[in-house]
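Take a look at the structures below.
Two complexes come next, and they have one chain in common, chain A, joined by chain B in the first and chain C in the second.
Right, the complex of A and B next:
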C-alpha cells in the first residue's frame, strides 16, 4: 500500500488517524443487478486528528465528506484503508475492536447530523433522546436520569422546561442543540459534525458555532467539522482538509491556507464564498463554475483540471475532455457515432460523415478549446470519417509536502498559483 | 411549526410528566379522528356492532347446545318480519333471522380478529426480516409475496378454502394465508425507508443494540400504515368471508351472515326478501364502518399533520 503523505502531527497526541481510506459504492445495472462500476465516494484519504483540535473537512457537495465522516464514526465500513483510534495510548484499528475496546471507541466518538429533524426520533421526548446514551451504558438510574439530562440540556442552552417535549416542537437551532446534548452525554473525546449548521439561519448558525467553541474549550473535545462552506470553518478549524471528488487536494493550517491557498480549487472555493473580513475581498477572483465530473469516472491527472482556471498541458487532458467539450458544441455531438479507446489518453472518434470528422479536427485547433488542452494534444489524425486523438499520458497528481506542514496536489508552484490568479 | 416561547415555558412547566405528555399526544390523535364526521359515523356503527356482539346472549337467548348454530323453529317456517317471536322473520328452515343477525356479529368479529390479528403479526415479522436483513433473504421473501399478490384475494382464498374443505375454521385459515402478504409488503417498505433515517444512525452511534433500535426507532415509526390497513381489513375480511360462506364453503346452519344470505336467496324470487336482506345489510354496514374509520385514521395519523 502506498500511503499518501499526511499532514504532520507535530505538537499534541494523535487521537484519530485516517490512512488511505477508500469507500466505493457499487453501481448496479439491469435486471440481474450486475455491478457496472463504482462510485468512488472517498478515494484514498489520509489525515490525523489530534486531541482537542478542530479539523475542518471542506469541499463541494458530493465530494465524499459525509461518507468519510461516517467511516470515521464507524457507521460505514471502508472499502480500503483504515481508521485508527487512540485507546489508552495505542492506535487501534476501529473495525477490529473487541468488546470492551469497541465500547470504549463507541462512547468516545459521537456524531451530529446535518438534518436536525431527521436525526431525532419524532416519537421520543427530549428526555428519552438525550437520556438514551446514559440508559444504554447504564450510566444513570431512572431517578438520576432526569437530573443528568437537565444538566446536559443546560450545557447546550436549553433547560428543564424542555424535557417533556417532542422534537417537532422546537426550532431547527434548538433541535441541533438537542443533538449536541445527546452527543455530549457520554463525555466523548471527538464529535464528527456533519454540516451541523448548514440548514440554519445565519444568526442561529453563529450561536451554534459559539456553543461548539465553548464546549470544546470546557471539555477538550476534538471535532471533525464537515462543511461545504469555507467561511463557516474559517474561525472554527485549526486545520483544514479540502476534498475534491473523493481526494484531498489541499491540507494544512487554516490560517496559512487562507493566507495563500496552494491549490486552485481551494482558491476557487474561497472566492465562491467571500468573507466580509477577507483580506482579498476586493480582489477579483473567479469562483467555481462548470459541473462536477462523475465520481465513478474521475478525471485523469489532477481531478480538478476540467474546471481549473489555471490548467496546464500536464494536468491530465484525456479523451473524455474532448467528449465533454463536444457535448457543448452545437452541431457536432450528434454526429459522433462511436469512441474506440486504446487508453484514457488515446482513442479513435468515429463520426457519421467525413465532413463532420474534418470539422472536428478543425474545431479542436480553434480558439474555443482551452489552450492547455490543445498543447497537451500529441496526435490528431484525420482518417476518413474517423479522428485519431492522442494526449500525453500523465500520472495522477499526488499530494506533495510543502512548507509549514502544508500538503497540496497541484503541478503549479504556490507562487505561480498566486500569480495566475491576479 | 410551533415555536416554544417564554410564556409557554411557565405553563408547560416541570409538572409535566412524560406520561401526561404522551397521553396528550394520544388524545390529540383522537381529537383529529373525531373531528371528521364520516369517521364518527363509522365509529358509532362499530360501537353498536361491537355492543351487539358482546351482549348477544342478553339480546336474544343463546341456542343450546351450540349458540353459533341457528335455532330452528319448524312450526314457524318462512314467516315474514313482524311475526311474534320472530320480528325479522324466519328462513326456509325456520331459522330466526334476528338471531342470525345478532349472533352473526360475534361470528364476524371472531373471523376478523383472528384473521387480522394473526396476519398482522406474521406479516410484520416477515416484512421486518426482509427489510432489515436485505440481500437474498429479502429477494426470496419478496418473490413469495409477489406470487401471492399476483392472484386476486378472493379467488386465492376460495381455492384454499375449497382444498381444505367446507368449514368456518378453514375460511379463517384460508383468509389468513392470503392476507399476510399485504402486511409483509407494507412493513418491508416502511422498514427500508425508516432505517435510512438519521435517527437510526444516531442510535447506532451511541451504541444501542440492534434489537433496541428495531423496537424503539423502527417499529413505532412503521406501525401507522399497518394500523390503517388492519382497520380496513377488519371490514374487508368479513366481506370476503361472507362471500366464501355464501358459496357454501362454511358449515350449513351456523349463525353467519354470508350463510344466511345464501339460505335466503332462493326465496327472493318468490317475495321472501327478509332472510337475505337483513344479514346482507349487516355485512354492508360492517365493511362500511371499518372502511370509514380506516380512512379517518389514515388522515389523523398522517405524519405531515401530526402534532403541528
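Right, the complex of A and C next:
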C-alpha cells in the first residue's frame, strides 16, 4: 500500500507525526473464536501536529476518531504505520521508545476523555486524582503535593476548597476541569482531547473552550481536538482533519475548508448543521441518506460513494452496491440465493427463480438505481436464474494535494463540487 | 410554519404546573409554576440547559413521572383532543389544514386529574411521546413488526377489523387480548379465539397497516424491517421506528424529548425533515424539547425558554431569536460558537443551574446573570408580555419601581 501524502507542515516544529496509521480489530466468531474478519477502525491515516497548534479531528460516530486518538497517545498499539514523537529534536517512533524516553513521551502526551464519570475514579479524592501523576513521576514530595495540586486546580478555575471532595460531588463541567487539571499536572506538550465538551451544555462548553484556549496560550500546548461538532472545531482548530470510515477524506487549514470544502462529505457535514446566526437556517439543511457502511467491508473507490449525491461512474461502484440495493428493495433480497464473486467488481448473482433474476436485470437498467451506477456497468447478463454483473474496476481514490496545503480525496475537482451543491 | 393571522385553538394549556421531588437534601422544585399553551398544529420548542425541568414538564402530559419521589404539587394540563372540524364538518377546509379535524373546545380534559384508565386511552393514541433513547420505547425482546402490531390492536381496532373484513363484534375480543399483556403483543394473534380463517385475515390486515406506518417514515424495505429486533438496527433507524410507532395512531399532540440528541448531524437532519413533513401533513401539534438552539430555531414556530423550573421567555421563534429579552436567552445564544466568534472569547454563562431545593424568593437567574441588581435578589420576576405574543420574566423589561432596576446597559457581575 502506498502511503498517503500528508498535509504540509512547513512553518513550525513538528511535535507528533502520524504516518499511515492503521488499527484493525479482529471480529471473532463461533465457539473457537476464529477470526472472521477485521473492523478497519483506522485505515491508513497520516498527518502532523506542530508545537502549539490545534488540529481538529471530525467525522461521524464510528469513523475511528477515538481509536486514532488512543493510538496517537500511545494507549493502543497500531496495527500498521507509526506515530513519531519529537524527542529533543529527532522524530522517534513511539512504540520503539525505551525506559526514560518512553516515560518522557508518556508525560508529554496526555488525554482527556468525553465521559468524566468513567475516567475519574469515583472513590478517589480530587487531591489524589490530580496529584497521582505527580506522585507516579516523583514530581512532588508529599510535602508540597497539596500546594502543587492547588496550583493546578486554580489554573482550571477550581480551588483549595475542592481538594477533599469526590468526583460525584461536582457538575459535569467541573469534572471536566478536574480531568484537564490532571492532564496538565506533568506539564505536557500535547493533549489529546476526545470530545471534551460533547456531554456539556453550551453555556458550560463555552467556559471549557475558553479555558483550553487560555491554557494553550500560556503553555504553548498542542491539542488534537476530537469532536463531531463542526461549530466547535471551527472555533478551536487551526487545521482540520475530516475522517470517514477510517480514512481521511479532507485535511487543511480550518478557515479555508469552511470557506470551500473540496470533499462532498465535508460539505454534507456542514450542510446538516447550519450556524445559529445563519438566516437561511431553515432552507438549505440537508441530511445524508443511508447508513455508514460496515467498516469491516469498506466500499471500493471512494468510501463515501454509497451516500454521496455527487457520485460519478468512477467512484467505485461494485457488487456490494447491488447487494445493498437488493436489501432495500421490497421482496427482492429473499430471492437471492448466492453471490459468486470473481472480484469486488464482478460476480454472478443467483436467484431462486428466473423471474427474480429477470426483475433484477430490468431494475438495474431502469431509473431505480443511481445513474452513475448504471454508467459504471460493464456487463450485465441474464442467464436463467443467474445474473452476471461486472462493473468497471477502479482503484481506491487517494488523497491528492491541492492549493494551500489542502488534501482531499474526491475525483471531482473543487469547482465541480461547489457547482453541484448549488 | 403556522399562519399567525389565523387564530388557533390551543390543543393544550399548561397552567401553573408544579412538580417536586422528595430528596435527601429537601424538596426539589423541578418544575415550579410553569404556564404555556400549545396552539393547534404548531411546533413549540422548549429549550434550556440540562436540569432545568424540560423532561419533567414533557412527561407531566402523560403522567410518566415516578411517584414517589415525584410529587404533583399543583396546576393543570388541559388537553383538547381533536374532533370533527366545525367549519367544514369533516370535509376538510383551510381552518383544519384539510384534515377535517381540529382541537375542539367542547371537552377539555385535565391530564393531571383524569383516571388512570382514561390516561391509558389517551397515551399513545391522542398524545404520543418520543425519547432520546429509543431503547426506552422499544421492547428488545419483540420484533419491530410485533411491537408495531400492538399499537394497532390496542388503538385502531375498528379500522383493523374493517380491513380484515371481520364483523365489528369481534372488536371486544381483539382489544381484550391486546390489553392482557400491554408490553407483549407478540402472542396475541395466536390466542385470538375466533375461527382460524379470521385470524389469518387479521394478520394480513395488521401486516399491511404496520408496513404502511413504517413506510411513512421512509425506512427502506419496511416488510423486511418487521422481522428485525431493535438491537439489529442503527440508531437512526430505531428512531424512525419509534416515530412510526408514535404516529401510528395519528395523535393530536406529539411530545418529542431530544429525539435526535444521540444521532449524527447528517442523520439528525433527515429525522427532523421527517418529523416536520409528517407534522405538516397531519397537522399534529408538537412539543419539541431540546437543548440545541440552532435546531429549535430551524423547526419551531414558537419557543419557550426554560430555566430552573420556570419559563423565563416565550414568543415566536422569530421574535425570540431576533430580539431575546431575557439575559438567560441572550447568554445561551452568545455561548454557541459561530463563524465570527474570536477564539477564547466565547461568552460563557458563569456557574451552573442551581439545585432547586427550596428556592429562595428571588430571580432564579440571579447569581449567574451579568445584569443582576439588588432588586433581582429581593423579588421574584413573573412572566409578563413585552409585545404581542412575546413574554419575559425579568426586571429589565418589567421594573418593580425601585431605583436599582437592572438594565442591559449595565453589566454588574
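Just so we're on the same page, the second predicted complex is superposed on the first by the 413 of 422 C-alpha atoms of A that agree within 3 Å, B and C clash if a C-alpha of one lies under 4 Å from a C-alpha of the other, contacts with A are read in each partner's own complex, and residues count from 1 in each chain.
Here, a residue touches a chain if its C-beta (ideal position, glycine included) is under 8 Å from a C-beta of that chain, and two chains touch if they have at least 3 such contacts.
Please read all numbers here as calculations on a predicted model, not as lab measurements.
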TODO: Judging by the criteria at the top, classify the pair chain B and chain C on chain A as clash or fit.
DONE: fit
- [ ] Would you check which partner chain A:171 touches, where first means chain B only, second means chain C only, and both and neither mean what they say?
- [x] both
Task: Three-chain overlay, vertex chain A: chain B-chain C angle, C-alpha, nearest 10 degrees - done: 70
- [ ] State whether A:337 touches chain B only (first), chain C only (second), both chains, or neither.
- [x] neither
Task: First (chain B), second (chain C), both or neither touched by A:137 - done: first
Task: Touching partner for A:400 - first (chain B), second (chain C), both, neither - done: neither
Task: First, second, both or neither for A:12, with chain B first and chain C second - done: neither
Open item on the list: According to the stated criteria, A:61 is in contact with first (chain B), second (chain C), both, or neither; which is it?
Closed with: second
TODO: In the overlay, answer first, second, both or neither for which of chain B and chain C A:203 touches.
DONE: second
Open item on the list: Just to be sure I read the superposition right, which of the two partners does A:328 touch: chain B = first, chain C = second, or both, or neither?
Closed with: second
Open item on the list: For A:118, using the defined touch cut-off, is the partner it touches chain B, chain C, both, or neither? Pick first, second, both or neither.
Closed with: first
- [ ] Once the two complexes are aligned on their shared chain, state how close chain B comes to chain C by Cα atoms, in whole Å.
- [x] 7
Task: Residues on chain A lying within both footprints (that of chain B and that of chain C) - done: 171, 174
Open item on the list: Could you list, by residue number, the parts of chain A that touch chain C in their complex?
Closed with: 60-61, 171-174, 201-207, 209-210, 213-214, 217, 228, 230-232, 234-236, 258, 268-269, 271-278, 281-282, 285-289, 291, 327-331, 333-334
Open item on the list: Which stretch or stretches of chain B touch chain A in the complex?
Closed with: 1-4, 9, 12-14, 16-18, 20-22, 25, 197-199, 201-209, 212, 216-217, 220-221, 303, 307-308
Open item on the list: Which stretch or stretches of chain C touch chain A in the complex?
Closed with: 49-50, 220-224, 234, 236-237, 264-273, 291, 293-294, 297-298, 331-333, 335-341, 343-350, 352
TODO: Mind listing the chain A positions that touch chain B in their complex?
DONE: 70, 73-75, 103, 106-107, 109-111, 113-115, 118-125, 127-128, 132-133, 136-137, 160-166, 168-171, 174, 179, 182, 185-186
